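Provided herewith is a single structure, encoded as structure tokens, for subsequent inquiry.
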């Protein structure tokens, strides 16, 4: 599988701003950090609202991070026109997330004509301990 | 399996308010509607921030609804002291959610000493078409 | 969703025999028991080879039972021509299976043009305790 | 996470033979190939019974391969005494498997006191195209 991105980091950050403002309703919390062959990395800067008792980050926030990163990895390779839709997401919560910013890297496991499958690995910035791991499936509508 | 709830609807709504205010940061959007042997039902009243392009409700909101309902179903049966933690959640997005309030019903599939497994069915209020279906696992810490 | 089966129990048992002999390589271990609107039930009679230490039934056998029942439930509603393919399956092992025959009931959660989602509940014959629960996704090729 | 195996390839092949003969009922089809810090690789040599129409390998065989490899990866790091039990397994079927032998590599994502989470990547021998990807959870009983 020779995957090659067709959009760059700046394209994708701009796309999120113009076409997906809901993702950053509360300020710029999701930022595309890197794009490469078959993958994307995003950074999540949590706000007060993403925290939970015990000084940790909420499950739905980790879900949102995995979902948006997988979406960005997919768009980076098929272009911004495509209206991909999450059809399923399986997430394992592995360790209590640290209170600071998180990184999520998604790899494309399969990019078919109708379905794409990606995995997502989330860890704290500067740490290599996985906080959560997810696998997501996207449906790609016919053009 | 003879499951019997030990907490009532009012107990659980009060518990969410006092011990879990983060869940309702933006106003009362998650409400416990019903508790019974082996299940719980919650209502989600989405705000502007939970919407997505195409007049629909965001995936992370559906995830949050499934997660909080499963958590409430579990607490209803093991009591509010227990500090259950989501260890995994698998969600299938089945249909575009309608724009109004949603209901989620969770059934306990297994309530072990260390692990609980529940499923979650989400649909629009007054509709029997499933919008999403999830299975979640919780770790129950030793007392 | 008004689902209506187009094939009956006998049709499906015959189809398994003629088109899917691999499923019953070791004798008739998988039998369609019931078909109805949106669901199918199959019976699994385990052989020595499906057992595991501790007098239980192997995980792959439970997986196979969930997969073949979901496949049969799907074919019962779309007809035997369609070449549906499992794209994902998530299974939770809930209790140690009893040593005898098992029943699996699959419900269609979604039957789209390209994707179908089903859940599967496995228990011992005559028991209502769940042994395993699965959710499976099938890709339906264009005609 | 500094994971260090406590068993070697030969130990594990011997353990499978003596304590888990069911896995190789039909001859030696599952072989441990490599063990390293945090991972294990196994080889699967399919027989006629593992094939399916269209010259491919059955889903349950891929499930069994992922499950046994994850089990071996876990035992390699916690020792052969532990009686780990699969609690859940989520598998995505990505491409039609080639007809020959397959390799599966499992990485330990988390090794807790009570739960372990691993992922599994399956491809044909000599190919780097993923045929299937799985995530599995194991319960580790108290000693």
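Should a chain be cited, it is by its letter among A, B, C and D, assigned in written order, with residues numbered from 1 in that chain.
Definition applied: a residue touches a chain if its C-beta (ideal position, glycine included) is under 8 Å from a C-beta of that chain, and two chains touch if they have at least 3 such contacts.
Everything numeric here is computed off the predicted structure, so don't read it as measured data.
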> Between subunit B and subunit D, which partner chains are common?
Replying inline: A, C
> Measuring centre to centre, with centres taken as mean CA positions, what chain is farthest from subunit B?
Replying inline: D
>> For the interfaces A-D and C-D, which has the higher count of C-beta pairs in contact?
In response: C-D
>> Roughly how far is subunit C from subunit D, centre to centre by C-alpha average, rounded to an integer in Å?
In response: 24
> In whole angstrom, what separates the CA-based centres of subunit A and subunit C?
Replying inline: 34
> How far is the middle of subunit A from the middle of subunit D, if each middle is the mean of its Cα atoms, in Å?
Replying inline: 28
>> Can you pull out the residues of subunit A that are in contact with at least two other chains?
In response: 87-88, 90, 92, 137
> What does subunit A use to touch subunit D in their complex?
Replying inline: 1, 90, 92, 94-95, 109-110, 117, 119, 129-130, 133, 135, 137
> What residues of subunit D sit close enough to touch subunit C in their complex?
Replying inline: 19-20, 22, 25, 49, 51-53, 58-61, 63-64, 67, 85-93
>> Could you list, by residue number, the parts of subunit B that touch subunit D in their complex?
In response: 87-88, 90, 114-115, 137, 139
